[in-house]
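For reference, the structure is listed below as structure tokens.
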Amino acid sequence: MLYAVRMDVALPPGMDSDVRTDTLAREKAYSHDLQRAGEWVSIWRCVGQYSNLSIFDVADNERLHEILWNLPLFPYMTIDVTPLAQHPSDLAAG
Amino acid sequence: MLYAVRMDVALPPGMDSDVRTDTLAREKAYSHDLQRAGEWVSIWRCVGQYSNLSIFDVADNERLHEILWNLPLFPYMTIDVTPLAQHPSDLAAG
Amino acid sequence: MLYAVRMDVALPPGMDSDVRTDTLAREKAYSHDLQRAGEWVSIWRCVGQYSNLSIFDVADNERLHEILWNLPLFPYMTIDVTPLAQHPSDLAAG
Amino acid sequence: MLYAVRMDVALPPGMDSDVRTDTLAREKAYSHDLQRAGEWVSIWRCVGQYSNLSIFDVADNERLHEILWNLPLFPYMTIDVTPLAQHPSDLAAG
Amino acid sequence: MLYAVRMDVALPPGMDSDVRTDTLAREKAYSHDLQRAGEWVSIWRCVGQYSNLSIFDVADNERLHEILWNLPLFPYMTIDVTPLAQHPSDLAAG
Amino acid sequence: MLYAVRMDVALPPGMDSDVRTDTLAREKAYSHDLQRAGEWVSIWRCVGQYSNLSIFDVADNERLHEILWNLPLFPYMTIDVTPLAQHPSDLAAG
Amino acid sequence: MLYAVRMDVALPPGMDSDVRTDTLAREKAYSHDLQRAGEWVSIWRCVGQYSNLSIFDVADNERLHEILWNLPLFPYMTIDVTPLAQHPSDLAAG
Amino acid sequence: MLYAVRMDVALPPGMDSDVRTDTLAREKAYSHDLQRAGEWVSIWRCVGQYSNLSIFDVADNERLHEILWNLPLFPYMTIDVTPLAQHPSDLAAG
Amino acid sequence: MLYAVRMDVALPPGMDSDVRTDTLAREKAYSHDLQRAGEWVSIWRCVGQYSNLSIFDVADNERLHEILWNLPLFPYMTIDVTPLAQHPSDLAAG
Amino acid sequence: MLYAVRMDVALPPGMDSDVRTDTLAREKAYSHDLQRAGEWVSIWRCVGQYSNLSIFDVADNERLHEILWNLPLFPYMTIDVTPLAQHPSDLAAG
């Protein structure tokens, strides 16, 4: 099942530099793992924003929530979820 | 260059049935052509909405506008465009 | 899988009385069928609004979209979809 | 009487870890008590959000306010209340 | 039980003059009946708006919805409902 | 002259406990005085919110501002003011 | 008593030309009368908008509502009312 | 004096085809005249929108309003005006 | 040239008392100077708000920005600027 | 390729004075370099705002993001990006 997810990041002004570096490194590794597993299908930077637009392909709502809730940057994110379905104009729909 | 485009459709209440059928057929054919050409990369239905989320891969801003402006459903659409760039956490970014 | 769906209805001012009666009857029958099938779990009226809040329990995003898209009142509705997951404070979560 | 309540939680960035753990434990116990008493009918996690959607079945407005006001997380919540009534399409409405 | 209700009226541009006069007369009589019955406690005009702010004192959510749904102007109104409870600073609260 | 006033309170996270207790006590006494004087006609709690809806009956705009500006909680409030007039459907309007 | 009032005008697309001309003439005469009477103190055009910002000096809320309700363009206007008081930095405040 | 102006166009659904063609031709000629006169400095299409972003260099507020009010498409436009000043980081500011 | 300017003030919670007193005194003196010079034509308090609505009569956009940018309270303000022109219904317009 | 970019700056209340001075100096130098390179075509101050409206002419989305992401003030900015195309009424369009 597919979902579009927009994540906007807002790090707190006085965030400790080491904490920040570590959090970002863990976020990247976490994302890499899920991309390799085929659940985090796409991730794009929204131009001029500390934001990404991502496509997830997961088993169900529970799994999507588990993935997002455990993002290292989750406490600093505003997240918007759009469930997707096949579009009748998609070539793949025949 | 990549762009995410959200299109929300609102057909006028008293739209003539033949005009409607014809417009939707032309919209589908138009989308199919651009998908085959590799410019309209993805199209998904947003669940519960007369809307789609699409990814375009086009030469530049001019080309994206040309494509959207000529959508048979353009006069009935609200369109939101988000320019995209490569995300540093994308596996493809190395 | 569970989803909360809010539906706001706005019938066009000059809607034909017979069309209206027929559409509402079909909407009710359609909802009854899905309630009996266990997919439309709950439906409540939002006080003072021509709106309902509903809970759906369906196989996946595709099925939810199919149900909503085929609502007889779909062309007159604004729909908001919230995917749900189990809450850790739910007694059922142990 | 039924109400739908959406609660969005925003814990302050530098919240003390013990205070946080204690508050969350009390919140869970508080919710469990009300679920057992039949007043907090349903609680679902909104996917990708630090939020829940809940259904309450209480005697009146006063009782709902008393319950919400005394939530251990109340000072950190944004709360939206929708009073509900029976929907004419509800199978239970005959 | 008390509720604050804001009603904003928007009559359609080409509304038939007789229908309009009749609807407004029925709205007024309907409001008068409920004021005399003690359920529609207060009604004020919002300055410069085709709107009112009203206080209702009714048995429950069901009754409030019944009253609002049957307003002759209901099809032309946007309605906002705020459930009320006793305020601890109210002199009547002791 | 009547005004509806909605006050939403947001106390700062780390507010000193004594300052808080004292401010709330002064707010309550201040409100009581104005209720006894007949200027603060009604005050209701909005269910589930740290908010009240109040009706004021004061001499003019200047007096309403003086009252609101001197609320002990004023620095922590978002305030919305709606000037009211007699509604033609009010029984008292004849 | 002073009020700032913003009026945004939206004439219906197919408005009869004579009705339009007559309504605008009556609006202008109505405004002139109130300006001469000293109640409509100022009226400015908001640049690029079919809108005005006006200052009224009237006896009370009732009178302001009476004036606005009887504007020939009232049915086509969105109106926003801001009650004003003397500012402590106003030279006239001493 | 410089202003940024965003214009969003919404032609009415059933607009007569000749009226439309004529209005668009007059709009284009009107814009050309002002561009040649140096008052309409820049005009860009916003990608995917029936909208433009323009820069005007005019004598004062009165002149800008005169220009916008007389746009052939003015009755079909939503217009947003931002007055501009020299930016201290502009190379031209020295 | 005339502009309407709305200024909403939000002083930071823990602002030093002396800094606050000094800033407010400088703000008042600054406003008095510009009122005497005829550039700050009117200033009104918005009832129930830490806000003012002001009318400025200045040479051009540059001068208005210079005035607003140098307000002692500028760092704590949200400012909304509306350029004004003569209204055709203004008595002064003949 | 052209883009309109609006940048709103909000420096944190307690920002160190030296850090602030240094950041603003680097921001100015950064902007000057890009103006000289022809990529940052225009920059205007929005009157009464700590904001600018800018026009960029860059190779593609990637380059625009690189420029914006590296703005010394980026962590303190809210940025809005509008991709632009040639307007058919632009004199340069023939």
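The letters A, B, C, D, E, F, G, H, I and J name the chains in turn, as written, and every chain counts its residues from 1.
Quick note on the criterion: a contact is a pair of C-beta atoms (placed from the backbone, for glycine too) under 8 Å apart; a residue touches a chain by one contact, two chains touch by 3 or more.
In this text, all values refer to a predicted model and were calculated from it rather than measured experimentally.
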Shared interface partners, meaning chains that touch chain C and chain H: B
Touching both chain C and chain E (chains): D
Interface sides of chain B and chain C: same vs different residues, half threshold: different
Which listed pair, F-G, D-F or H-J, duplicates the contacts of C-E in over half of its pairs: D-F
Whole-Å separation of chain centres (CA-atom averages), chain C against chain I: 50
Gap in Å, rounded to a whole number, between the CA centres of chain J and chain B: 28
Separation of chain F from chain J, taking each centre as the mean of its C-alpha atoms, in whole Å: 44
Touching two or more other chains - residues of chain C: 2, 45, 47-48, 61, 64-65, 81, 83-86
Chains grouped in pairs wherever the two touch, ordered by label: A-B, A-C, A-D, A-J, B-C, B-H, B-J, C-D, C-E, D-E, D-F, E-F, E-G, F-G, F-I, G-H, G-I, H-I, H-J, I-J
Residue ranges of chain A touching chain J (in the complex, touch as defined): 11, 13, 45, 47-49
Chain C-facing residues of chain A, complex: 1-3, 60-62, 64-65, 81, 83-86
Chain J-touching residues of chain I, taken from the complex the two chains share: 5, 12, 61, 64-65, 68-69, 75, 79-81
Of all residues in chain A, those that touch chain B in their complex: 2, 4, 27-28, 31-32, 35-36, 42-47, 52-53, 82-91
